[in-house]
Amino acid sequence: MQLHSTRLALALLGLAALILMIGMQSAAAQEAVEAAASAAPAAPAYDKGDISWMLVSTLLVLMMAVPGLALFYGGMVRAKNVLSVSMQVFVTFSVLSVLWAIYGYSIAFTGGNEFFGGFSRTFLAGMLDAAGNLKPAATFSKGVYIPEYLYAAFQMTFAGITACLIVGAFAERMKFSAVLLFMVLWFTFSYLPIAHMVWFWAGPDAYTDATAAEAAGKSAGFLFQKGALDFAGGTVVHINAGIAGLVGCLLVGKRKGYGTMAMAPHNVPFIMIGAALLWVGWFGFNAGSNLEANAFAAQVFINTFLATAAAVCGWTFAEWIFRRTPTMLGAASGAVAGLVAITPACGWVGPMGSLVIGALAGVVCLFAVTKLKSALGYDDSLDVFGVHCVGGILGAILTGVFNNPALGGTGIYDYVAGTWGFAGTFNQVISQLWGVGVTLLWSGIVSFICYKIVDLVIGLRASEEHETEGLDTVEHGERGYSL
Amino acid sequence: MQLHSTRLALALLGLAALILMIGMQSAAAQEAVEAAASAAPAAPAYDKGDISWMLVSTLLVLMMAVPGLALFYGGMVRAKNVLSVSMQVFVTFSVLSVLWAIYGYSIAFTGGNEFFGGFSRTFLAGMLDAAGNLKPAATFSKGVYIPEYLYAAFQMTFAGITACLIVGAFAERMKFSAVLLFMVLWFTFSYLPIAHMVWFWAGPDAYTDATAAEAAGKSAGFLFQKGALDFAGGTVVHINAGIAGLVGCLLVGKRKGYGTMAMAPHNVPFIMIGAALLWVGWFGFNAGSNLEANAFAAQVFINTFLATAAAVCGWTFAEWIFRRTPTMLGAASGAVAGLVAITPACGWVGPMGSLVIGALAGVVCLFAVTKLKSALGYDDSLDVFGVHCVGGILGAILTGVFNNPALGGTGIYDYVAGTWGFAGTFNQVISQLWGVGVTLLWSGIVSFICYKIVDLVIGLRASEEHETEGLDTVEHGERGYSL
Amino acid sequence: MQLHSTRLALALLGLAALILMIGMQSAAAQEAVEAAASAAPAAPAYDKGDISWMLVSTLLVLMMAVPGLALFYGGMVRAKNVLSVSMQVFVTFSVLSVLWAIYGYSIAFTGGNEFFGGFSRTFLAGMLDAAGNLKPAATFSKGVYIPEYLYAAFQMTFAGITACLIVGAFAERMKFSAVLLFMVLWFTFSYLPIAHMVWFWAGPDAYTDATAAEAAGKSAGFLFQKGALDFAGGTVVHINAGIAGLVGCLLVGKRKGYGTMAMAPHNVPFIMIGAALLWVGWFGFNAGSNLEANAFAAQVFINTFLATAAAVCGWTFAEWIFRRTPTMLGAASGAVAGLVAITPACGWVGPMGSLVIGALAGVVCLFAVTKLKSALGYDDSLDVFGVHCVGGILGAILTGVFNNPALGGTGIYDYVAGTWGFAGTFNQVISQLWGVGVTLLWSGIVSFICYKIVDLVIGLRASEEHETEGLDTVEHGERGYSL
Amino acid sequence: MKLITAIIKPFKLDDVRQAVADIGVQGITVTEVQGFGRQRGHTELYRGAEYRVDFLPKTKIELAVDDSIVEQVIEALSNVARTGKVGDGKVFVIGLEQTVRIRTGEMGVEAV
Amino acid sequence: MKLITAIIKPFKLDDVRQAVADIGVQGITVTEVQGFGRQRGHTELYRGAEYRVDFLPKTKIELAVDDSIVEQVIEALSNVARTGKVGDGKVFVIGLEQTVRIRTGEMGVEAV
Amino acid sequence: MKLITAIIKPFKLDDVRQAVADIGVQGITVTEVQGFGRQRGHTELYRGAEYRVDFLPKTKIELAVDDSIVEQVIEALSNVARTGKVGDGKVFVIGLEQTVRIRTGEMGVEAV
């Protein structure tokens, strides 16, 4: 294995160097070309309040991943694997950030077909105008822009954290080299296209009249066209990662001793810190997805807050009633479940709808990680499926329900007419199910193939001996604690 | 006890569901009605810089509570109670956030009498205008507004963290169910009225001329009318929580072995992290209380910063001189003491006044938790009284002193004349003492009654056996660490 | 020693009180005087977006120091010294914040000669106009200002964290009193003048025409005049602290048992948290150094992000290849190395240049802390020199290289002509080397003298017995953990 | 010389130490251990998993004492360590063939 | 009475406990220890430093049993603790001169 | 066979291990313990509270050795563990009635 990994690393490093050299050329070259082509205003008057908020939002999502998720997951495994899990999060996030700059952003967020974008922004090229000013990216308001670099940075953090979420499913037994290779493949063939399908569109300025709107609509991603509402990434992030996790833990197999040995979390306070930082950071995720600091951001914000609080209550009290005692791990898990479920909904519902979504998410995800999991018998180490996939599906569907203005929801904005409407609960839920179904299928199948490839090339699973000793010393030559 | 708790939980859950259902109806209904009634401009041009800052401030206060306070307190108890304390913070904060949305905000921040507000904003109703735009809430500048949802969210975090502070006083011995029930009662009957008394007013726009000002003045809360200055919550938050803590630890009694057994903090680095996050987050608390990102926010910010730094120095050097060695727990406590003391003052004094306030707070609170505490002999586990109440009183009084423009203070703004004046040190200190005295009395008495009720209904204290074993395994079925 | 320290503390405390009393007077007095003298607009229309971002940036840098650096360093030492190191960071930061307000800001950021500023802003005097409004400080755009209090607060955090960085070099063996005394001396005689040399200038408004520009140029700091580019503090912060660390660890000598005993980090997850918070907070450091939330801040932001991610990859993969396994400590160190190297460059290069700078920093610093360190044989406990000084020098030089517009860099702005130019790679690198060389010499020599003074006055090193027992119990009367 | 080993409830340590010191035993060595026995443990819940934790934290103390005071020591420590509830622990006595004080090289009863 | 002390691989603890319980041993005392022996440790890397960590985490279990079942207990625990790889550990048997149950004061075989 | 138990200062562990290895003792078992004895502890301060911490971190090492080398081992380990300051610790020697290597079932001197 040692040799394998080393060769892999060398290859990756060499490749990276090569690509970068090409990139720097092409970036410089393309800029001149692109500058002319861009349809958006040459030097828009950005609002500094928007920029301030989006800078903050971006760093908040970074904070969700590291240290947030790294701790949340790190605390949940046994002490002998704490570094292994944190390391997988830390390095996956870094590698994908680099790849995002090289080709990820371009494939996800430039025009192409309904499933994949193009290559015009590879190496982040073409984001400066001829005068060296930062070109704009669209928001959800006509005539309001943020610098495209900022949009690319914000979305970069989404790509990174989504992949990191998967780590929890096969924690404590997968080889580090296998994790990294899988992540690169999955990012390229699952994350990028699904982000494109759900989020890519021409921007509000294109919706000038009915004809233009139709044309614009057709240039958008596949699920965007289906009318699936996903404000901040319920499908792209949570369902996508959750199903990839389930497939992973099924393929890699159960941990040695699962079901017979105690596998208690080794550091519950770390879990608490992690969950709390996820809560805090998630405002960047959700209210940041509003892309501007207008008044509506406040609604997204309070929705996110209340859903989380309600989910903590939901999980904790349900646990108290049905499982004897309320636990810290439960409260922390409840917070995450609520955050997951409100993610697609946060910009489409009202505060009372958010309370209901949160409370339900707390109870449903508790059910998922207890009854459902033990019924199906898979070993999803840190419940990526039970919390992110189940919570994501619940949130996606309830978005369709509570979007209803009669339930305090916002309805949907018609950029041409300038009015708010509502598609009807049934129609909207159908749209939502399109989003859920396509994501489950696409990510499920792509994940399966990626795992199989990795298994063939370098093998997925650490040896039994290594698993017993713990991945920290074996794979990373370190111990978490010397107290 | 098990049965009791379970029944309690069930009841709470059922109640919550019921209330929400009603709420969703009423929220939808009221919106139409309220829209017309609102006196403020229909769709004010919010400044995105203000919104950006207030979003950040709100999440900073969240971060103070979780993970900040949960860690600060969690690290200070013995290892067997770390989850118990964190859990009390985490769940109290969540439960009160939900109740805040249901009735708390309305009672604290709508007009009513001098002590309680009304019910017009229950379920956060009435905060959207007929067109679905977010209605404005006043700031301290005429013609400057932030969305009311944002104001409500910001204030929600204040309510949550204030209650959480109390947890430290009776840590390591109170039952989880008792904590929650007490918190709900105390929040309703102490926090909400005191917030109303101190902070509720008609907003600056109402102060058009002398007559209008007088009328507006009479609609404000009781202590607001008394002229007590409290920029960010010295009375409402710290004195209020501190005295409730003192009453609590007296009623629940000392921890078993207190005074004879060593009860060293189990994880001092956690205390350091917690204190540092409190410091960072407190800028949301203090500079956020400015409600807009105008230049003055910078003064509030630097005041807060310097007072904290000075208090760290004050406590540390005093400890070095009088108690042999400077300790990490001391430096961390000093930071919190400084933050507490500058809270009421931060918008009314200058940077040099802040240095003095901070340095004094460090020394005085050290004295309070050593000499005063051992003289009086109560067991306030984590010194809620010694730091928050004593520091809060000190800060409240010194606000009256350093508000003096001759000492670099701001004086007080006359919204009608548009000029700054100063009430005179003596007068202002008297006003401050009104704030201190009323809060001590109100919260002290209400707390006493609430504890007694809880004691009658479910009992305050965990059994001796449970206390010895530690609340983590007994009440939450978990252990903090499996290293 | 006890007596010594106590006397020191007493003296410091008394001094502080005295100074403050004088300060309060002088502050009040000076304000009237200064108000007239100030050249900048009386009451500029600040952009609230700028203020919001700079408030956030300031608190982010605070978060880098505490808890970020305190944890990063705290986790890396042995358990018996965890509090000692955290405490040194916490208290150094606080003491220097107070001194910054008293005289630091004035000496660094007011006009004087090329090496030192003057005393007009001691006690933060003169920052309010006659009407009590906050006076402006310049940014890098003509006609754009932020309140000077805010600028002073932002820069305060830089001074504090820079000194704290040094702590890592002589960790686990230096007396607390010696650390504090050294810090005060070094701050005064190394940090303040170097900050003045690199950053002090008249501001963009002074560059109205060629003659004015020349005059303005001559009033700037020594290294500013040499044309050394340092966007966010590569020289002032990292080289400055790094060389002071090297001198320190050489003078204080190796830790007992260094090279023969295992000195593994006691808490690697803490290191991970620390590094991640440094990453998050560094956006305040770097993008905050842009001083406004204009579009360009987005470029600084994404540059910082990508360099860090690339450095994590660089260090991790290099370790994998050359040192057998990729480690968590390595990934964390890589992040910091990348952040250090991009610090001077972040506002002068493009994203692809940032990727290269980051990747190189990861590899070069790994080499520095392994080969270089073992070749030279010094005991820089936490590699302050290997990461901050080496990374800082690398970044400074590469700034000169990648500033080239042909490599995607920005070039340099000519405030008079309003155009962008480039000095030529060779010329620019020479300018950069001026910055590097002067900082190394100045800080190296000053540090040497300061350490010697401290050694004479109170002695640098803890006794062998104390070092063996661990500084936590001996110097602070506490233990980190009682698990 | 005998080596007395006692397994006791952790919170009794201070009392036991005092009690044996009163008899004149100057030194003891203490180890944190986990005990399985008649005393029941507790249940822990982590999401889907429920573990019976059978082991209980106990404290082991070891004292090397002269034969003459063995009975007295056992008596004293048993008395203070006793709560009367299950799980109070055990005392084991083993013969010591040799005892050395490292600092001085003293042996036997001189060494403790 | 004998005191049986076994040093085993930590992940074998549950099996061993079960095995001796099946023979009727009701109580055991467990300590986390570090073992040095023939089994090789691992190498740790921290930036510039590389440490050979020779000690390995082991679990020590102590059981006081009646003389009559000593052989049986050793047999049973050895069987389940054996993996056949180096590092499986040791069993030591020591004579117990006295045993007391603190709760009741019972002595000898009654006490365990 | 004898079981030698030594309580030493923690930072002496590496030296002691080396010293006994030089004599040919291949395996040892190490436990972190807390010692109370003549050596004084330190005082800890936590806000209002001041605790005298009497226990000191010590390291216990256990070695099963053949009777023939007992003296030699005690000699060697005492020499390197000695600092001459109070708190250096003790050595206890106990008779071993039986020794088994779990991996192979070997007994007695073969087992260590």
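Lettered A, B, C, D, E and F in written order, each chain numbered from 1.
The criterion applied here is as follows: a residue touches a chain if its C-beta (ideal position, glycine included) is under 8 Å from a C-beta of that chain, and two chains touch if they have at least 3 such contacts.
Being a predicted model, the structure only gives us computed values, none of them experimental.
Novice: Which contact partners do chain E and chain F have in common?
Specialist: C, D
Novice: Would you mind checking the shortest number of contact hops between chain C and chain D?
Specialist: The distance in steps between these two chains is 2.
Novice: Using CA atoms for the superposition, what rotation angle relates chain D to chain F, in steps of 5 degrees?
Specialist: Between chain D and chain F, the superposition angle is 120 degrees.
Novice: Counting shared numbers against all numbers at the contact of chain D and chain E, is it over half, same, or under half, different?
Specialist: Counting shared over all numbers used gives less than one half: different.
Novice: Where the CA atoms of chain D average out and where those of chain E average out, how many Å apart are those spots?
Specialist: 18
Novice: What whole-number Å value describes the gap between the mean CA coordinates of chain A and chain B?
Specialist: Once rounded, the distance between the two centres reads 34 Å.
Novice: For chain A, write out the residues touching at least two other chains, lowest number first.
Specialist: Counting only residues that touch two or more other chains, chain A contributes 47-50, 52-53, 56, 264-265, 267, 273, 324-325, 327, 329, 477-479, 481, 483.
Novice: Which chain D residues sit where two or more other chains touch them?
Specialist: 31, 43-46, 53, 94-95
Novice: On the basis of the stated criterion, which chains touch which? Give every pair.
Specialist: Once each pair is checked, the touching ones are A-B, A-C, A-D, A-E, B-C, B-D, B-F, C-E, C-F, D-E, D-F, E-F.
Novice: Applying the document's contact rule, which stretches of chain F touch chain B when the two form their complex?
Specialist: Residue list for chain F touching chain B: 43-49, 51, 53.
Novice: Please output the residues of chain E touching chain D within their complex, sorted ascending.
Specialist: My answer: residues 3, 17, 26-31, 64, 94-103, 105, 111-112.
Novice: Touching residues of chain B toward chain D in the complex: what are they?
Specialist: 257, 260-261, 468-469, 473-474, 477-479
Novice: Can you list the chain C residues touching chain B in their complex?
Specialist: Contact set of chain C toward chain B: 2, 5-6, 9-10, 12-13, 16-17, 20, 23-24, 27-28, 46-56, 58-59, 62-63, 66-67, 70-71, 74, 82-83, 86-87, 90-91, 93-95, 97-98, 101, 123-124, 132-134, 146-147, 149-150, 152-153, 156, 176, 267, 270, 273, 475-483.
Novice: Touching chain D in the complex: which residues of chain F?
Specialist: Of all residues in chain F, those touching chain D are 2, 6-8, 31-38, 55, 58, 60, 70, 74, 78, 81-95.
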